[in-house]
């Protein structure tokens, strides 16, 4: 575990960089200042990069658009790997027909629709269509009535043996410097404990996220895990998951892990990044040389 | 572990009977048919009895009234020991002043009010009064907006170090023969896991419930634990808790535990009642003799 | 939560003091220096006190002797409440006959023997006597072969539905300034997770420990919970348990909780002592006045 | 979920078959009777197959030899994917030098040795070499003194921040029709809970196991997840993991899941195999046609 002042010097050692989104590229008030220089540098060096993010609230094209609106046009749809995309892959492979009920906004469900599958908000599930529900997905904490629709979900899962998929395992997400919101992963864990059944979860630290990104690269080039580095702000998702998958990892201090706590938290959790770096921003000075 | 057909023969061996409420005396459609005969018999024999129930939605007088409305007038306020009463005792002993914020109906908070303490629904907690909040109580799953008020609760507990008390640890409760509702204990467990702090929990199987009832008896008479039997329908609350407190226990099959599952569930959990009995109803035939 | 320099001033507010043992009165190298003055002061003031300790390795008379050998003669057998004594009470009330198998030293099992019950080390349980085993107790981490006897225990509990009692829930205990040892509570948790059955646990923070001590006092005098203070070095056993039982609590910094961590750990856990004090030692200066 | 009498008809729908080992191909008394016909059929049809097994007690060549000794010569070293192999990959990618301490037999550590890394049994770790320990691996429940070496492990991990890798997450394994043994995964979970750090775990249901096998195939041919079926006897490892990875799954009733329990367990866990089949044996009758 080494402290490195210079993010560029880390990038220079790898062929491909995986970035977590929240706390690394953006935060609750917009882009991390200066992060566009990092992506400019990556482009200039012809380095590959992917955003590997626990997010199922939108599809990859909408996620890319959200970066564009903030002024980061480098991040295109094909650069994004989200836990929502794993959920879509699961449905494609494992759910042939019927209705996929979901908890989330209409928007969050949009990109998992496909011919042969009807998607339906839990708020619209009722006695007349319940028989056709063949899977349930936890997508987003918005877009439904927590009390009414979670109770309906509990009773649906007690009555029917169908797969329940948690498309984002995070328990909370930041709203501002001081406030968080309960995330769909936290809600799903409550439903799971009430129902007593085993749900299927997608999202870091689970290695399936990293594998999905790894496979995207291998479609067009050869790559070893040694040539990829994972950059994240959270020890128990980004760093634990990256390490376990066999990647080198960079903990940046621009998000969940504060500079003053980093030693304590690494020691307490036993989760060790390969490098610790202030942020994922490549400084102008570095670029000058 | 013995199967006994005759609930009266069990009662006859003890001085005091503790009853769980739901699944033993009442269910979602009203009183367990015939249960009034059990209480008539207890009265005729001058046996003591207490209702020991995980319930914080109402105070003991309102709980007693609810039995009266169903036609069971034997159960008076002083016969009831609820997890809500332990919460009240905690506040009396440990919280001197300030505002006690609560999640639940106004009714659920009514009986914990006392001079020196203001109780305030989480929906009314805001920046202007948050500084005075000295404790938080989880009382009932109704009476608040799950999404808005649970997020507010999470952020209150992240900001302030105050005791958080779960007045009913049950994760779900039955609404009908086929449906359940998420209970405040399930909701509190989600908030606890998001916040990462340790809450204080009251309710069976915790022994403090049994001790509270035991102390009520000892105020006016001497009693040994050997002379008390706990009657319940749920292995991991009523029976586990009763056993651990040192009481003999009766598992009745009129609620959560079905006759066809009882062997499997006792073996799987390792929780063994002293007796298994169809129900807590004393039959007319038995009374004839 | 108040920091108090002066342990005597805390004592002076209460009628009865409960002390944790390890980290408060003694540590791995002997008595906490000066602690005998605290007990001298308590005696001089005619204050009651009890040692409330998670320990099942010896009976109360042997625990008392161990204090005497260290030079603290004030602590007599009747001042000690241990999790082992709750286990003994459980057996007295709930196990009528048969063999009680145990994991621990012969010494640890000695004080739970009584007429009608045979106690037998798991190392001596075999096909010929297994049928008579009516309960299993986890007493101490020493006195048996971990590999052989824990595997035998797992298979005994898979074959027979009998109560399994954990007489000390601590997962580890300190051996020296830098080393710990896995405790019987940690071992029991492993066996429980492998077997999948629910064990019965005794020890702080569970309120039954405090209740046992509270009952001892009430045998000879009236006392309110307001008049008792619990002194301990560990937030999640001594302080959490004391608070929940309704007692005022003192966190001392002579054991598990270090002065430099105390703010962080109280905030992180949400477990708040009434007072924080350097140690449970009453200084000579204080006694002079 | 469909019950299929005829295992051959399942195989015929897929290009590649993944088999769990224990409870599918072999059990405590040797090979599952008739299983060699299944492998003969696979060979005759030129179908690929892999053994995907939670086992870190031996390397793949020794695992293959053990099948040969039982008379199943079809299973060669390159057909085996074990959780131990993932551990080896982790060390190759993430641990450059130093000593890798292990819990297990000398044999279990043999195949992870490589130039640049010294492997050393925890029983041989001492003050003189502890500084050089750069990783710790849980390999097997045999080959060390549980009491002495687990306590040493706890203190090593408290003192040093190094990765701790659990090479087999199973908590128990069967020894005979009625007896099990605590497995290294159960032991590791105890150490993890005592130490309070986060370990790295390899083994089903984690998707990294399936990915490893999937990658082996893709080295020489193109394959879709739709063309692979996972055959296992355990819902919460083989079937949950296979489903999540996107494979079709077959639950066989020759091991952990009994025919009489299968409905109950699928409903209770919510883990649904694509097919349920008596065993993985292709019958002679089937082959005749």
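For reference, chains read A, B, C and D in written order, and residue numbers begin at 1 within each chain.
Here is the rule we go by: a residue touches a chain if its C-beta (ideal position, glycine included) is under 8 Å from a C-beta of that chain, and two chains touch if they have at least 3 such contacts.
Please read all numbers here as calculations on a predicted model, not as lab measurements.
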| item | value |
| --- | --- |
| Distance in touch steps, counted as few as possible, from chain B out to chain D | 2 |
| Centroid-based (C-alpha) most distant chain relative to chain D | B |
| Mean-CA-position distance for chain B and chain A (Å) | 41 |
| CA centroid of chain A to CA centroid of chain C, Å | 45 |
| Geometric centre distance via CA averages, chain C-chain B, whole Å | 28 |
| Set of chain B residues in contact with two or more other chains | none |
| Chains touching one another, given as label pairs in label order | A-B, A-D, B-C, C-D |
| Touching residues (chain side chain A, partner chain D) in the complex | 1, 89-90, 93-94, 157, 161-164, 195-200, 206-208, 211, 225-226, 236, 240, 243-247, 266-272 |
| Touching residues (chain side chain B, partner chain A) in the complex | 141, 145-147, 150-151, 154-155, 158-159, 171-172, 178-182, 186-187, 189-191, 193-194 |
